[in-house]
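Okay, got some structures for you below.
What follows is a pair of complexes built around subunit A, which joins subunit B in one and subunit C in the other.
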Partner chain A sequence: MALLQLSEPGQSAAPHQHRLAVGIDLGTTNSLVAAVRSGKAVTLPNDDGEHLLPSVVRYTENGIEVGRQAKEMAAKDPLNTIISVKRLIGRGLADIKSLGNQLPYQFQDGDAAVPRIHTARGDVSSVEVSSEILKSLVRRAESSLGGELEGIVITVPAYFDDAQRQATKDAATIAGLKVLRLLNEPTAAAVAYGLDTGSDGVHAIYDLGGGTFDISILRLNKGVFEVLSTGGDSALGGDDLDHAIAEWIMSQADIDRDADRSTLRQLMQVACQAKEALTESDSTAISVVLADGASWQGELSREHFNILVDPLIRKTLAPCRRALRDAGLTPEDIEDVVMVGGSTRVPRVRELVGEFFRTEPLVDIDPDRVVAIGAAIQADILVGNKSDNEMLLLDVNPLSLGIETMGGLVEKLIPRNTTIPVARAQEFTTFKDGQTAMAVHVLQGERELVVDNRSLARFELRGIPPMVAGAARIRVTFSVDADGLLSVEAQEQSSGVRASVEVKPSYGLTDGEIESMLRESIDHAQEDMEARKLREQQVEAERVIEALTAALEDDGDALLNADERSSVESALRTLAEITRNGDHAAIKSAVDALEKSCEFYVERRMNASVRKAMSGHSVDDFE
Partner chain B sequence: MTITITEAAARHVRNFLDNRGSGLGIRLGVRTSGCSGMAYVLEFADDSEADDQIFEQHGVKVLVDPKSLLYLDGTELDYTKEGLNEGFKFNNPNVKDACGCGESFNV
Partner chain C sequence: MLDFSKNYFELFGLPVDYIVDTDHLSTHYRELQKAVHPDRFANSTEQERRLSMQGSVRINEAYETLKDPILRARYLLSLHGIDMEHGQETTRDAAFLMEQMELREALEEARDQPDPYQVIAAFMADVNQRINALIAQMAIQFEAATPEQLEAARENLRKMQFLKKLRFDAESLEAELDDAL
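And then the complex of A and B:
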């Protein structure tokens, strides 16, 4: 007979209606699957009792291998063995190339939006590779839980942009899975520690995984989590600690940088083992087999290891500082620091993080499993197994979202670190008389000018009824769903015509870019303000020129004599000239001057239109 | 009228109760549903009802309402592993036939 699990009182499922759901931590180095069984969230092991599934996929002519089997072949068959695919997902080839030349894969040439990797089994995309990892975990879960899964929760770094989130969802879709929700990894960790059942306060989640670093500042308020700010570096992790050791070995053993690939792979494996050994012991022996068959023996002390990795660990503290500043807090405000990711086992990491936040970090739950456990708890709730314990998780969008307005300026509709899901709307109008279409350019970033931000999507709203400039009311609505995916809709209010776009996978940002986008917005704040003032004034001047030119065409001949007309036209030319070359103050005074010099003309037009409106009517008609 | 619980099942129940942080024991029962008549109920118990029968074994309280007890008399609650899957199993002598998966049964 079927095996049963304990349920909460009154929550026993009817036969054949168990709602099975799991949480998946799709990691750079390792992945995990966890489920809630009899009220307890546990990670699920495979037949050999292993919980961690190495995020490695190997493509051979005979089939696809996932996990340890594939990882063991990585050194021998580097071209067909895809490791750290999470660093590639949702990114374009240009971005991937900028990650440095550490990747041995042969990318298919061409400008396809989704780069494909050559393997013995044909070309594969990063989405397909991730999908193989998901499939393997789900097979394990379904045989552990004894049934088909209703849905899954996948965790992603808080730093993932829309393209990377969408690509992760696509990987699940290809694997035939229903994603209940994408959950930020740090938020999952907080849930795993049950910080939601504790007292109100502010917590920091420090996540140093194999390939990514994330810091999140969460506030618990009446049992509800709010993510105050996020930060991090998605190209910094345990792999980099391994690199530091590997480089040290190379310098000690006189190994060239251009040594063959399998030697380099072997070095990384040896370095990783040394790092893990130094968590427990004060010193470890290292042995490397060189290409010529000779071997090198060495010894690495924890003290020297600390010197090697200190700069890397300190590199994580800058995003911590920034995240605190974004949240308007100081280290003293942080109650608990949750340690996530295998790299937080390194004693030096715990030491420096403890010093920074002035508190002893939380390390009770296995830092490799904590995210999966939180995701499983969330999946269990979302699938409806725990109705009496409503938990609402709030996430934030990492970069501001806005649209382009006249003059190449960005109007931000949703500022960065706004809690999501969120919907914001703003009304825009037309610039020219009779304008019947409007281009909507969706942007992501912190800068004032379009050129300094990232373009996410463009679409056009057509069929706007012809009206004078400024009369149309076009409502643009931005909504970001719980997974951080953006949809934008523009609607003209009088006619109801509408157009919309959902942001689809596009080129991802490089890791450095997200950080530098934030940094630049601070560095260039003054410059940006000046640029915005100038562009705004230029747009204003253009509007005046546009309106005056239209007026001259309309009734210039009727209302002005030749002299007057040429003086107005020369004033127009002066303004156009200053608009091109002057600063914002000069343009402003030129606009003012033009308006003053044309006052008589404006007056005549007013009188003329009043006369026209009243002709044929007696004064009494207007009472 | 009696219900028994194996040492293995009791160990897991204690573990789950500790983890949950509250609860008197577990409640066993049956209800009419499922493809073959009856289905088992296996839940944490926070309160006992006046006419509940309570069986205590290996440090675990098992609560059963009198109506369910008719169908469960003599049942042994066990905890077993089948491949990767693990969970509780009802060894119920009253069962005459069950549906293919055994989630529901007839007495």
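And then the complex of A and C:
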């Protein structure tokens, strides 16, 4: 790359090459991948023209199958075929059991943080299963787009907690993918709709997927999507409607609760088909083959189906009311309700939601694809293909974050529905004379008592100098980044003793586990870790060089004097030289050195852009 | 990075005052985030991402503070050199405290009413009205900004914190009812 390319004013030096990035909707039932092609976001089909990839992974002695092929074996080979893995991700064994689902898998005993499912191909965690789905979609995208992806945006339910988000990101890491952003599903849907209709105002996004429910209230204003509030239930979805039907069949057909696994799988499939049939017709025939070879025939009317599922659908309205309250709004303030997720095809869902918000729900975009499309639009912007784009997403953290205090109570540091990124600090003190350590217990949830909330992590701040009780000042800082991921730091103020954790949730994989899983998956790609590290570091160095070069062209003359400019340029040349010849450690330290020496310039640039924003001028006015 | 010596009002180009032009505030908030938000630097260097995160956090904090009548009052008092202890100060106004107890009892009884949701909604509307009345008083007090008036604003702020807690408890009660469904 030429470092000092001259360009006419108002003309960018070299049109940036189009970078490949995709949006992935990693769903409970189905997953999709979408990309912006020729300016339009589209979902990408496989070779057979199918867009939806069933989120099903089957482990056999011969290999791993993902998608339709695996799904077809779900009833025959239930132990090795993992469905609805999204319900398990980021959860511990106790959580999974409390979900009350009749999961057919054999979980490994033991107290490992991440539950492992026993399969014919060894024990696998939900993170690994998810990473197989990601890999399959990325392969599809790379062959369809004809190149390697620079990054992906993965959508998650807005109501996912920190553990579930972290686990999703880990799944991408294990698959060797760079995550540009974890994007909340309702926000993604709003992007797909907002750009389509361009209508400013307050919108509600009602997202009932296979296994999760989300509600988001957001305001669209000149390209800025500001999420005002969000709520939901991360363990409620279309699967539960199927369960309700399955239970009804069981009671009608006298099927035992402890029937064999393939009968249960068959029941769920039949129930799902019945639900889908009732979207169009008023009644549907049901037939089940029992374990003894006999069969049961029945008929389910839509009317009775509505009675079965009404309590479940009504359960989604409480979070809707709460989200409205948090946004300080009433149903009348909502311009329209966007329906997302396959389960919103159920007529009764549309009816009750329309009643609640007093408006006819919007169903213009295929509810299965809208999330992936929104994610693709965001990925295209984040990867840098549209530098002049005005769109910006301002999202919130869905659940309050706090710390355990005396008496088993939770002190909230960041309340739910706070716009991210956010950092909040609070001071705590010691309660015993001479106390030299303090335990920090990080919690997520809305309840007052520790036991009623989700425990995210525990760590200890040690080495506090002995003082009388109440004299130490321990400052605990919570930071939530734009992905909604939390990190926590504790520091004793007078001595500067510091302890910090990237909140690796109690149910998460350790960095070591991630590294070894990544190593395994790389082995298949016949590339060793060293080569991979070198390549990653080179990419990072190139990114730095490119960004700085573009910056110099843009405003180097305006913000730097001649001496400063030549020192930046010489530092750039040094890095370019080392990037070509050095190993990954050398490149890394060269990148660090460059960043340090250019810090003043980067700060000046950001201040300049803030000044421009404040004076209401765009860059064009200066050219 | 963002000029950290600027106070929150200056950051948004607003006069230092309790009454805030909310349209101006939210327009400038969006413009500032468009310039510094981490999404603008997702594919940028780690250094830029870090700076952008810091800037974006600061802007969110400032916006949050100026939007909320309680946080705004506390911040404004701190600019006047009056630092409230974090939520620890309470009012000694006996009549007000008596009223609070009555309100609290009313809320406790809501749970046994035939339509508790409606009772809670009416309760919250009442509390909001009380908060708005305090906001109106504080606007005048901050405008005058004499030591006596600022002390009066501080007293109002203590009362407002009570009411906010009451509103929060009403929300919690409602959530509890939801969970029992």
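What we mean here is this: the second predicted complex is superposed on the first by the 405 of 623 C-alpha atoms of A that agree within 3 Å, B and C clash if a C-alpha of one lies under 4 Å from a C-alpha of the other, contacts with A are read in each partner's own complex, and residues count from 1 in each chain.
Following the convention adopted for this analysis, a residue touches a chain if its C-beta (ideal position, glycine included) is under 8 Å from a C-beta of that chain, and two chains touch if they have at least 3 such contacts.
Predicted model only: the values in this text are computed from it and were never measured.
When both complexes are overlaid on chain A, the residue A:226 reaches subunit C alone and has no touch with subunit B.
Shared-chain residue A:595: touches subunit C; no touch with subunit B.
In the superposition on chain A, A:146 contacts subunit B only, with no contact to subunit C.
In the superposed pair of complexes, A:318 makes contact with subunit C only, with no contact to subunit B. In the superposition on chain A, A:47 makes contact with subunit B only, while subunit C stays out of contact range. Look at A:307: by the touch rule set out above, it reaches neither subunit B nor subunit C. Contacts of A:607 after superposition: subunit C is touched, whereas subunit B is not reached.
Counting the residues of subunit A that each partner touches, subunit B and subunit C differ, and the larger count belongs to C. In the superposition on chain A, contact of A:120 is made with neither subunit B nor subunit C. By the touch rule above, subunit A contacts subunit B in their complex via residues 1-12, 14-16, 37-40, 44-47, 140, 143-146. By the touch criterion given at the top, residues 12-13, 15-16, 19-20, 26-27, 31, 33-35, 39-46, 80, 82-90, 98-99, 101-105 of subunit B touch subunit A in their complex.
The touching residues of subunit C, when paired with subunit A in their complex, are 1-3, 13, 26, 28, 30-40, 42-48, 51-53, 55-57, 60-61, 63-64, 171-172, 174-175, 178, 181.
By the touch rule above, subunit A contacts subunit C in their complex via residues 19, 150-151, 180-181, 221-222, 224, 226, 314-315, 318, 321-322, 325, 378, 381-384, 390, 392-394, 418-423, 446, 448, 479, 481-482, 540, 543-544, 547-548, 591, 595, 598-599, 602-603, 606-607, 609-610, 612-614, 616.
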